[in-house]
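Just below sit the structures, each encoded as structure tokens.
Both complexes below contain chain A, partnered by chain B and then by chain C.
Then we have the complex of A and B:
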């Protein structure tokens, strides 16, 4: 189906363009402005060129939280995408059971980020939380506030709890779009369950998985509130990710020059990785 | 095979519900009971934690503020995203692909990056500490997503319907409101659900752009931490109350969302 070519369509897009320009281009230009100047007050500012960028690129705080961030986002994707597909395959296809499953799955998604942190803060405590208490009574010494490994484990588990449903819902929707004829053909061919998954379901899930991978990557890469509420980024700096490092720099210490440069680099990394995912997953579409 | 599936699903649902159940029963306990020991059911059932919240305006106004800016955001997002998604799904025009991709890049912008510029921008136009400021700021990530989802749904409607309507003498606005929007009801339901979700759960921007008048509940909740320790009971009750609007929203749009998801066009 070839779409007609008309530039009148711009009238329909104009409101979106104006709105996003106001809330994205102006702030982004402000950040660029910060990142190349040394600002003392409203009237005293010096142009410093790339000085802040050089300073930030050699900053060990950025390096450490960048490494942590990549490990975190990588683990999130490796756990949540397969688990989400699995859950979607297990869900009943129709009937009241499917509605109940959809509602329960959607529930964690609607819990505010800070409340997610609060829930797990309570749930994981050894004295008042079921999870921490259960682990400790099994003989596992678990304390997320003191032990960096436990803090990592809790932050990951929290993210899996919170966001796997999104992947599952997307995959569920993708699975429902497969016509029954495909399954009938597979039955005639006596295809195994694995073959049905590999050659029918997975290819059909590609588009929704692309959305899922991109959304999960972007959001896990911007994670701020949950670890902040859970441990404040601790113990030490062990769960301090990029957003928190940036917020500390911009609002805590008010180093807006370096923070501006940091922001630009941060944004570019997300753009680059998202583009890589997008290209890798669509390169053999033949479009 | 089916038993295995049911068991697996049951285990996953248990994993999702257990932490929420824990929060819920905790909100009905007094602090002494919470710190006194572990129990699966409140022994001395109390509503004191909820009374604390509902008898204090600075507490419950947090909920009102949050709901206000989230609804505002939903309305603005749908109002601008519907025509734009229609344009992307039906026409080609100069720069359409670039514009679409540029919209999506805004979804990738970390809120932390926009924190300070937003603060300055909204302060300079006198919108600081208003609901509209938070609603506009949240459009940054909701509008691109809404356009993306709606475009998918709209492309599923055959174009013959548009053409038939025009031949029958419908003008574009009338066709759009009377014929097209009812056709993609489920899609709008799903989109509204996502808009509500992402705006309701966001804290960083909402907290930075407000101080008193439009302070969201998420920021009010930090009050439970004081020098004398954390008020666990009230914290749990406040947490439960933030989950409730979400539950209501899913309940009301459940048919649309189930249908939207089942159409396989997200």
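Then we have the complex of A and C:
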């Protein structure tokens, strides 16, 4: 029987479409609206076309924080993904030890973002913070409020402390899903530990790692609260990332037009990079 | 080509438990060099446990495993020259079929030329040549299982291959083909093969000798014919054959044993065994194939009530009630089916006596 081709099925998608429209598309369109107009008050607005975009693309503040942002997200991924895998590999598979490990790992994930910032702000202080005090009494001159390198180091360390658990937990669940027979077959085939990791564990972790990489990329690329509380973007502008630059522009200076253009570009960069990761990690599936 | 000997072997997964449960109960067994064997038994009887102990994946809690007379308990699987194929196919997803097959060879440091020729040869035997360059992740289930088998077969140093229900995931029509293939490989390379299955047909088409395992022990080791004609244990009688052996609980009486009013005569040796034993667990068994059936009274045949007949095409299975006991008998195609009453007799030659579930020999032949 040949079914007649109709477009009625599209109506079934309508409710979902409406929902997505309210939650994402309409707010996004208001941003688009800001980014192509110069608005003075409720009745005075001028269409400016791509002017804000050109202004933003030539803004060195944005260039600098974009570069910082990429360095930061890159470092986060390069540290947290391998470290997360390593932690997951070292965790006991069963028994009371595994429960303890899971609890300890879950703890940092439960701490609110601004609390994380505050914890590290105090922790790193040379006078009353355990970490800063310990480093300084070891003879290392450490001051995250004055030295850009120290500030970067602390911001990265804070993020690693906060989020490596997420990667580790994802990998742990991935590892537990590998049937014993794979390890047994590998022993029979005389595979080395490295080969077991490379040819059994890593391939089986691919799906959870894809989620881990995307989550960690998007999250770190949008990071705001923690560095804001810890360093306030300083010293100077050395730890001012994209979202902080944007906030300054939109809320501090009330440059809604350029901020709108900035937001759109920001959004597109995240979309593009996420897509690149996704494609790179899945391109040889099904071939 | 190794002889595998199991000496007072037993295994318990959790010895610390208050009541340790033994997955393998103390047993002795020998797999001779170059034989094709099947290990047959129901699910959970300890087949996989036994294989894992032989290959070294599991260390037995008691007893010894000997290869060619040498104790290997402490030798890890990597050094045992044994290959094992698991129930569900294990392939290295990111590698091609070629690399999968080459993997064990490369791990032992084989030369490039050697890898090429060996992988080519095994791929040829297993019909994998066409897919050698395909990613293993994209194969069908039976191709994957062939790759799993192939990894065991490429190694020259393998002296025994253990198969743990390898054809579970394979389509029925391919099962037969693959089993033939394994048999050919066995003839060609003369490797000791142990093939675990819970399917008696699969066991008897693959193996020269079958070990029937029950409750953690090998209860009989023999040819398919021996298992059929002389089941050494009531479980073998019940498990082998379709339907299984008729087993009747009996009691001691003057001339032998009886069930209800019926008396069964025993041979002198059997009689002596019954008298010597303290046990009240006495059973007699006879296969449905050996029960004689008449539709009229005949000599001292017992009268039984006909319950129902199942027609299985080339033969029929007659269910009868004798006293309290249900007895099955196999009728040939051309045999008349008795109505209401049938008269049956049990030829002495095929009537087996079991004390405590184990067979009592009819004649003294261990001298």
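Convention: the second predicted complex is superposed on the first by the 266 of 287 C-alpha atoms of A that agree within 3 Å, B and C clash if a C-alpha of one lies under 4 Å from a C-alpha of the other, contacts with A are read in each partner's own complex, and residues count from 1 in each chain.
We take it that a contact is a pair of C-beta atoms (placed from the backbone, for glycine too) under 8 Å apart; a residue touches a chain by one contact, two chains touch by 3 or more.
A quick note: this is a predicted structure, and the numbers were derived from the prediction, not measured.
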In the three-chain superposition, say which chain, chain B or chain C, touches more residues of chain A. B
Per the contact definition in the header, classify A:272: touching chain B only (first), chain C only (second), both, or neither. neither
I'd like to know which partner A:182 touches here: chain B for first, chain C for second, both or neither. second
Check whether A:122 is in contact with chain B, with chain C, with both or with neither, and answer first, second, both or neither. first
Please indicate which partner A:161 is in contact with in the superposed arrangement: first for chain B, second for chain C, both, or neither. first
Once the complexes are superposed, what residues of chain A are shared between the chain B interface and the chain C interface? none
Contacts from chain B onto chain A in the complex sit at residues 1, 5-6, 8-9, 12-13, 15-20, 22-23, 26, 34-35, 38, 76, 79-81, 83-84, 86-88, 90-94, 96, 99, 103, 105-118, 120-121, 136-137, 139-140, 143-144, 147-148, 159, 193, 196-197, 200-204, 208, 217-218, 221, 232, 235-236, 239, 242-243, 245-247, 249-251, 254, 257-258, 260-266
Residues of chain A that touch chain B when the two form their complex: 1, 3-10, 12-13, 15-17, 19-20, 22-24, 26-28, 30-31, 34, 86-87, 89-92, 94, 98-99, 101-115, 118-120, 122-123, 127-131, 133, 161, 165, 169-170, 172-178, 193, 208, 211, 218, 221-222, 224-225, 242-244, 246-247, 250-251, 256, 259, 263, 266-267, 270-271, 274
Which of the residues in chain C come into contact with chain A in the complex? 52, 55, 57, 76-78, 82-84, 86-88, 90, 92-95, 103-104, 107-108, 135, 138, 148, 151-152
Which of the residues in chain A end up touching chain C in this complex? 179, 181-182, 184-185, 187-192, 195, 199-200, 203-204, 284, 286-287
